[in-house]
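Labels for the chains are A, B and C, by order of writing; each one numbers its residues from 1.
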Amino acid sequence: MSDTAIGMYSIILLLALFLTGLEMAYCLILIGFFGFTFLMSFPAASNLVIKDFFDNFTTYSYTVIPLFILMGEFASNSNIAKRLYTGAHKWFGHIPGGLAMTTIAGATAFKAMCGSTLATVGTFSNLAMPEMDRYNYRKEISAGTIASVSTLGMILPPSTVLIIYGLQVEQSIGRLFIAGIVPSLMIAFLFMGVVVGWVSIKPEMAPRAERATWKERIAAIPEALIILIVFAIVIGGMITGFFSPTEAGTIGTVAIFILALIRREVNKGMLISAFKGALKTAIMVLMLIAGSSIFGHFLAITEIPMIAAKWASSLPIPSTLIMIVIILIYLIGGSIMDDLAFMVVATPIFFPTAIQLGYDPIWFGILICVTLMIGGLIPPIAVYVFILGNITGLPFGTIYKGVIPFLSALIVALVILFIFPQIALWLPNLMMGVG
Amino acid sequence: QEKVMKLRLSVFWPPQHPHTKLFEQWGKDVEKVTNGRVTVTVFASSTLSPPMQVYDNTVKGIVDVGTALLAYAPGRLPLSEVLQLPLGYRNGYQGSKLANAYYKKFKPKEFDDVKVLFLHGAAPGFIFTKKPVKSTDEVKGLRIRANAENAPIVKALGASPVTMPVTEAYDALSRGVVDGTLFPLEALQGFKIGEVVKTVIENYGVSYLTSQFAIMNKAKWNQLSPEDQKAIEKINDEYNDKIGRQWDALDQKAKEFAKGKGVIFLEVSKEEEAVTVEKMKPILDDYVKMAKSKGLPGDEALKFCLDYLKKNP
Amino acid sequence: MKSFTGAIAVINKALYVISGIVLSCMVMLTFIDVILRNFGHPITGSMEFIQYGGCIVFSFSVPFGTMLGAQVIVDLIIERINPRKKRIINIITRCVGIMIFLFIAYNFLIYGIDVRKTGERTASFKIPYYPFAFALSFSFLMQSFTIFCDLIKKVKGADNE
């Protein structure tokens, strides 16, 4: 049996193992370990498992995960989030789906400051879900909104995925960041469109409230303003270089903590509950990351990613079709393994093909990011859906009912971006000159 | 039919990088000189092993052949830390040749758990600043990004070292989280740093070597026949030379790239350089002291390196 | 048996508290570092504190996290089969989980002894790696005990809904 065949069987075995109810992280460790034993040796595989745990647990950039989630926990445990949503409800509650749209805007802004898509889904599952429940939003629409909007961070600067892509293919990271802005706004608007459309067909999804009086609305402004100031501090501090994106989570946590302190909302119960929740979500994410890297290292030595790429590049078909095949491979890859891990493995191989076919390197980067956003939402490995499901306790069936409409918006966005590369390229060319 | 030994080689550079290509070529040459008894597959972009684990993963057999920074095995290679001191390296060719000569002369025990193929590295390492500066003195008080092992160089210049992952350097410089960075010239293009800095201070007083190893799992090496070992040893010497030349070529390209982005290369006077060399002395003394405390001949290693650099400018 | 389960819970909780305390230290350190850096006096090597603080935070929150249900499970099929079969499958998967983490704990112990010998230590503050390896080994040992407690519960049929 060839290494590649072993790899293919292991993927199937992994998916089957998931269904037994063995924890996903454990499944990844198990298959990665046995695969590596088979292809290399037992001692090598034993060492691989612990070395990958050690490396992931001591990776500086992963510390943002607990720190950002802690910020979200502080916001929700100190009633700050609750009051923000109350305010938003006063202003937008009478608009169909107003709170879902607030969540889209909020999560987009949050991601712009936090840099981690997984932290965004963790934070908003804790923060926005109970709030939308409070106003009798149906679980489908609130869960769908949160899971989908969290993926937006992949193309919204400062995106880790784009930084690594830029370094891998030697493109300007600044240009990539700017190229991500218009497409991410486009996707945010498409998401809002989904909310409007959905609610107009099924109004019971998001009950409309009575229009609040102007007096009530104005009374809600100071609350919102305080949060906006915290937001402004975090985003402004990052843009001006007062602190780095990795540190922004900490600064946000401290800012919200001080705010809660001033309002005398800090107590033992609130602190315990915030830390308890933050650590739980963080370790859930980290165990998955460690598991995927063990499995990913095994998959690497089967050379499946390389072979798939070479095959696609050699197909005797028109360039547009080759590009579609490449996107499909990213879609499948992104759906069965960690997005970043897959991008790192596949890009070096597909990038030269894309360039040879005359496609723009910056545009290609944005395109594969949107593809990976879709990959993160579709089974079998849909990290965003799993985290949301785990935190809220919702069954996957319910979450998927909510995710599907947004997923179709993402596919529309991908098609638009494919046909009109200018959506990504216009802004960087305008700001940095045609490169 | 003879059994074929398959070697998996880990590099952290991306697939198109000239160094990745060079290691692929090394693999092909190994296959040729061993008449196909050994084949090599290169895994680029750290897809086989995280960079920080390459050394130990090669010891443990997760990786068969690996190349990464000596600094990524901190504390494990104490005598060889001499290579990353600010010795005034002129270029990567000189640095790579010295690193290899040092290894052959001292055969440090610390490398005993692997087979060293060759050592190499990037040089010169300089300070790049975000704002234009006119002399090395202006670095005083600035926040300079540096790797932990080079932080003393920054401190000795009166600046404040800030450590952060290399992947964050670009963003941190562009937003002004730090005022400058200590990097080999190659990073101007390799990490696109040329886009976000204004001045490169060409002060050879601070110039250090980003020293790197190319190593092989010892058990795998011992399985080879003495003839094959000998044949591979021979091409290793060639490749030490080749990669040294390639470091040079990359530096030149990076310099062109940065100049194209409007970066000024500030040449400093001999006097200024001499002052800097004086400032770096305590770092060299600390190294010798550290080596002595471990019973290692740090003074001899340092003297050897300085003499080599003088003799081979 | 009850006292064993109780003792595991207490130790796990203690680890979780330590990990919370380390996390809050990381918040404070970063905050102070940001302020000082903007006045030109960064804390050199603060990254390393955050990095290895993170190691403690992550490893010590593993077992109690598992007790809180932090492990992601695909329950599409398992929730739909009859309780008897579900119980048997659960018992098997728990045993697999115990084996995995006992094995990881053992290998971390070996790794700890190994890095103690090779002398690997962090780059800025020269903190040896081995205490972290031992901490990880202990956490994963507790993790396997935690899954064992879950197994006892499953065998007794406590969750035969």
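Keep this in mind: a residue touches a chain if its C-beta (ideal position, glycine included) is under 8 Å from a C-beta of that chain, and two chains touch if they have at least 3 such contacts.
The shown structure was predicted, so the numbers you read here are calculated from the model rather than taken from an experiment.
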item: Contact graph of the chains (line, ring, star, complete, other); value: complete
item: Distance-to-centre winner among chains (Cα means, whole assembly as reference); value: A
item: Pair joined by the larger number of C-beta contacts - A-B, A-C; value: A-C
item: CA centroid of chain A to CA centroid of chain B, Å; value: 35
item: Rounded Å distance between chain A and chain C, as computed from the means of their C-alpha atoms; value: 24
item: Shared-contact residues (touching 2 or more other chains) in chain A; value: 47, 51, 54, 58, 60, 242-243
item: Shared-contact residues (touching 2 or more other chains) in chain C; value: 47
item: Overlap residues in chain B, where contacts from two or more other chains coincide; value: 56, 164-165, 177
item: Complex contacts: residues of chain B adjacent to chain A; value: 8, 14-16, 41, 43-50, 52-53, 56-57, 60-62, 164-165, 167-168, 170-172, 174-177, 189, 191-192, 195-196
item: Chain C residues within the chain B interface of the complex; value: 37, 40-42, 44-48, 118-124, 126, 128
item: Touching residues on chain B, where the partner in the complex is chain C; value: 56, 71, 73-76, 78, 113, 141, 143, 147-149, 151, 155, 160-165, 177
item: Residue numbers on chain A that touch chain C, as the complex places them; value: 18-26, 29-30, 46-47, 49-51, 53-54, 57-60, 62-63, 66-67, 70, 242-243, 247, 250-251, 253-254, 275-276, 278-284, 286-288, 380, 386-387, 389-390, 395-396
item: Complex contacts: residues of chain C adjacent to chain A; value: 16, 19-20, 23-24, 26-27, 30-31, 33-34, 38, 47, 50-55, 57-59, 61-62, 64-65, 68-79, 89-90, 92-93, 96-97, 100, 103-104, 107-108, 111, 132-133, 136
